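Both complexes shown next keep subunit A, but they swap its partner, so subunit B is in the first and subunit C is in the second.
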Partner chain A sequence: MNVLRFEHVFAFYEEGKDVLRDVSFHVDEGEFIAIIGHNGSGKSTLAKLSAGLLSPSNGKIFIYDELLTPKNVQLLRKHIGIVFQNPDNQFIGSSVEDDIAFGLENQNIPREEMVKRVKEFATLTGMDDFLDKEPEHLSGGQKQRVAIAGVLAMNPDILILDEATAMLDPKGRKEMMDIVLHMHELNPKLTIILITHEIEETLKADRIIALNDGKVFLEGKPKEIYAKEDTLRAIELDVPFFYKMKNALTSIGVDVSDIEDLKTLEEYLCQLNA
Partner chain B sequence: MSIKCLDLTHTYQIKSPLEQEALKNINLTLEDGKYIAIVGHTGSGKSTLVEHFNGLLFPTSGEVHIDDYISNNKKRKNKKELLKLREKVGLVFQFPEYQLFEETVLKDVMFGPKNFKVDIETAKNRAIEALRQVGLDDSYFERSPFELSGGEKRRVAIAGILAMEPKILVLDEPTAGLDPLGAKEILNLLKRLHESGKTIILVTHDMDIVLNEVEDVVLLKDGQLIRHADHIKIFEENLEDLSLEVPVSYKFITSLNEHGYHLDVKDSKDVLKLAKSIKEEIDSWRR
Partner chain C sequence: MASLTLGRYVPYSSFVHRLDPRQKIMSLILLMVAIFMPLYNFSSTFFVMGILFILLLILMAFSHVSLLSLLKSLRAMWFLILFLMLINVLVPIYGTEHIAFSIGNFHVYWESILQSLKIIFRLFMMIQVTMMLTATTKPLDLTYGLEWYMSPLKIIRFPAHEIAMVISIALRFIPTLLDEANRIMKAQASRGVDFKHGSIKMKFKAVIALIIPLFVSSFQRSEELANAMEARNYDPRAKRSRYHLLRFHFLDLVSFLLCAGVMSFIIYLSVANIDIFAQFGVYGTW
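Moving on, here comes the complex of A and B:
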């Protein structure tokens, strides 16, 4: 089943300046989709449209095969959880506990259930020792973990991360990605849409959608997308080191076509000197 | 003009319950004309260190010598001397685009030099020159800084500092939060500025920048200097213990070298060259 489908979607913030132009794609249940593209390519607009925070100027968006309309947007939005880029703009509560509980309170979840879920997701994100802490005592990475805990506590079917790791240091980035991948393992039905500039984060995705200038530029499995290095380079998008190396070796006649990750490539090349 | 730290110690909120020693006995000489990265985990003291370089912070004990300016813990500061120091050392904060405020790009960039009592005409010429340096032409001058892209805004903010014509340019995380294209533009700009003779000091977490861009590295941990070395030698340290990420290219090269290859880590950006070296090695074993 498609959990999300765009059919010929156009969108703008200012009349006459389309930021998305004729975008069509679909996402299946449990898929991990990475969306890449420069700033201004339409990535965040796509996230806002998916979450019903913006309406398309033309075209159709379906969530669980149901056409998204102003009437059902509130209802369908429940399927979706979204984490944004700036950790400081998303912290609403006066403590970690409050912040994770915020969304649940809005849904009138009974108190016992709420306490249970706050605890559960604080633990999953490694923030259970910080429940009474105020935001000013947290690092950016910790605040983002709280943000993701709050979103996950609402049991979304689709988790959208809109450059959620961009403002974090390498350690914070890795911790966030580990949480996301761990959640996906725990709940294989959870659909993940990762919008990112960190191309190494896209390696584990089932599929990548590359946007350019408001349009779908390329779409496919990581190995299909990153085999087209020159095509990506033409619009100045980078390729992960593994694929650069694989493509370079292939181009000079070293056969590594069956190898699918850097570790295996390393091992293969090392054992040649036995 | 070099920067020398002599037993530099900085303690925040001294003699209060929140007292925190951010820098401990740092001894360090940063040479003129170098391209230097200050590296360390969040909270290691990187920003605190560089804020001593243009007199935003003063040592709790010890001294910092910036050219002929001596910064220490004496209470009375000579304002004139301090102004002179800030003209020599330009500091670009993290997310500097948050500080843009004027109606037009040109006015915003002129704000800096105007503070140093430069006449309007000179300030304008310097602003125009600075905007050219960061790659923004006439078509940007009269636009509002707020309608620009993230990368362009950041370049306007850097131009604002360049217009003061500092000899040393210090930047706190200049590529943070930018998309790869925006980051590349900033790094190209810094490379050009360095080649034109400026000392560039940047604070970063990004070990790819350390591997591929800079000359020297200052590595901090918990407010202490761990090492000041050539940018390749710094990778001898256990960086992962310091929450820093070793670039995948570096790991790949060193791992292959441990198994009989002879690759040069300096080629980490030139993947085709690396691939050719790998092939040569494989062919020689087969023979």
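Moving on, here comes the complex of A and C:
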């Protein structure tokens, strides 16, 4: 079953300026999808459309095979959780626990259950020592961890991260990614859509969708996508270090097509050298 | 800026801090009524208000409300004090029996002076009780308290919840926006905008260079915030559960009854027009 499906979707903010043009793709349950594309290529727009924060001007969006319409948007939205880019602009509660509880209050969850879940997800994201802290006393990375805790507490089936690590330092970035990967391990049915600029974060993805100027430019496994280094360069996208190495080796006639990670590649090169 | 910090919440865990905000709001209103009740004469007023004032001072000490910041409020009121004094002295409508001193043909009466002191004392006590509330109650709890009082108005479609949400978000974003304003100021200063010196016109231009970017970014923020709220299923009209609990404890009942008792007693003194000092056998006070 497709948990999310776009069929020939068009979208704009201003009449006549289409931001997404004829976008079609599908995501299966439990998949880890990475979406890449340069600034302004329409990644955030795609995320907003998925959560029904914006309506397509044309085309259809399906969530769990149900057509998304203004009537059922409140209901279907429950499947989806989004973590946005700016840590400050998604912190709604006045303290960590209030913010994690915000979504639960909206779903009218009984208080005892809320207290339990707030504690559970604060612990999961390592924020349990900060429950009564106000946002101005937290770092960007901590605020993002609260944001992801708040979203996960609502028990979504699809987790979308829209450049959620873009404003963080390397440490904060790694902590966020660790939480996401850990969640995926805990619950393999959780579908993850990772929108990112940080190309190395896409290495573990099952599939990558590359957007360019509002269109799906490339789609496939990381292996397939990153083999096309020149094509990606043409739309201002970089390639992870591992694939750069692989591509370079391939171009000088070394066969490394079976190697799946950097460590094996290193060992193989050492062997060749010996 | 000093006046902004007046009565700001100070985190402690005194029993006043722990009282239910709804009860504290009600008690504030009760005490305000008590403070503004007209009593028999000046002596009675100052006597009763003095006792109430001292009781409140003790309560202030218990709840760590700073006396200094209360005194600072007097400094903020100096113009009002001067104005009241002048009006009362120039237009002596409250009795003209006791001359304090004369300047030529113009008499200044004791009644005028006492009358303005009485008004100032009442205003001061009003600030005192308000500060007791705001310094011991988190702004958000205050908001919840007010929402609770406004919620019956929901029947006439008064948006009590929405108003409370707006206030709590505004409170939440004050530090963020102050930060942002600081950042913009530094950025503009590094581009040569001078916020400290220059003519009024230059200063005005400098402020514009601060306000415009602040507005632009606030609008962007609000859009992102709205998206984040909606993405998390926020619907102000839907039924929402509450994470924050307002709890009415035994201590709340006690403090409420105390305040209600004080108010009732003072209302009784006022309505029965009782001369307090006559009760003690002292007659003929002013």
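The rule we apply is simple: the second predicted complex is superposed on the first by the 270 of 274 C-alpha atoms of A that agree within 3 Å, B and C clash if a C-alpha of one lies under 4 Å from a C-alpha of the other, contacts with A are read in each partner's own complex, and residues count from 1 in each chain.
What we mean here is this: a contact is a pair of C-beta atoms (placed from the backbone, for glycine too) under 8 Å apart; a residue touches a chain by one contact, two chains touch by 3 or more.
Computed from a predicted model, the values in this text were never measured in an experiment.
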Item to check | First, second, both or neither for A:Val151, with subunit B first and subunit C second | outcome: second
Next on the checklist: A:Leu272 in the overlay: touching subunit B, subunit C, both, or neither? Say first, second, both or neither.
Outcome noted: first
Next on the checklist: On the A-aligned overlay, A:Asp238 touches which partner chain: subunit B = first, subunit C = second, or both, or neither?
Outcome noted: first
Checklist entry - Thinking of the overlay built on chain A, is A:Ser139 touched by subunit B (first), by subunit C (second), by both, or by neither? => result first
Next on the checklist: Let me test your reading of the model: by the given contact rule, A:Asn39 touches which partner, first (subunit B), second (subunit C), both or neither?
Outcome noted: first
Checklist entry - Now for A:Pro170: first (subunit B), second (subunit C), both, or neither, which partner does it touch? => result first
Checklist outcome for this item: The answer for subunit A against subunit B in the complex is residues 38-40, 85, 139-141, 166-167, 169-172, 174, 197, 199-200, 236-238, 240-242, 244-245, 248-249, 251-254, 262, 266, 269-270, 272-273
Checklist outcome for this item: Within the complex, subunit A is touched by subunit C residues 140, 168-169, 171-172, 175-176, 179, 221, 224-225, 227-235, 238-245
Item to check | subunit A-facing residues of subunit B, complex | outcome: 41-43, 149-151, 176-182, 184, 205-207, 243-245, 247-249, 252, 255-256, 259-261, 271-272, 274-276, 278-279, 281-282, 285
Checklist outcome for this item: Within their complex, subunit A touches subunit C through residues 48, 51, 53, 74, 77-78, 80-82, 84, 86, 88-94, 97-98, 101-111, 114-115, 118, 134-136, 150-151, 154
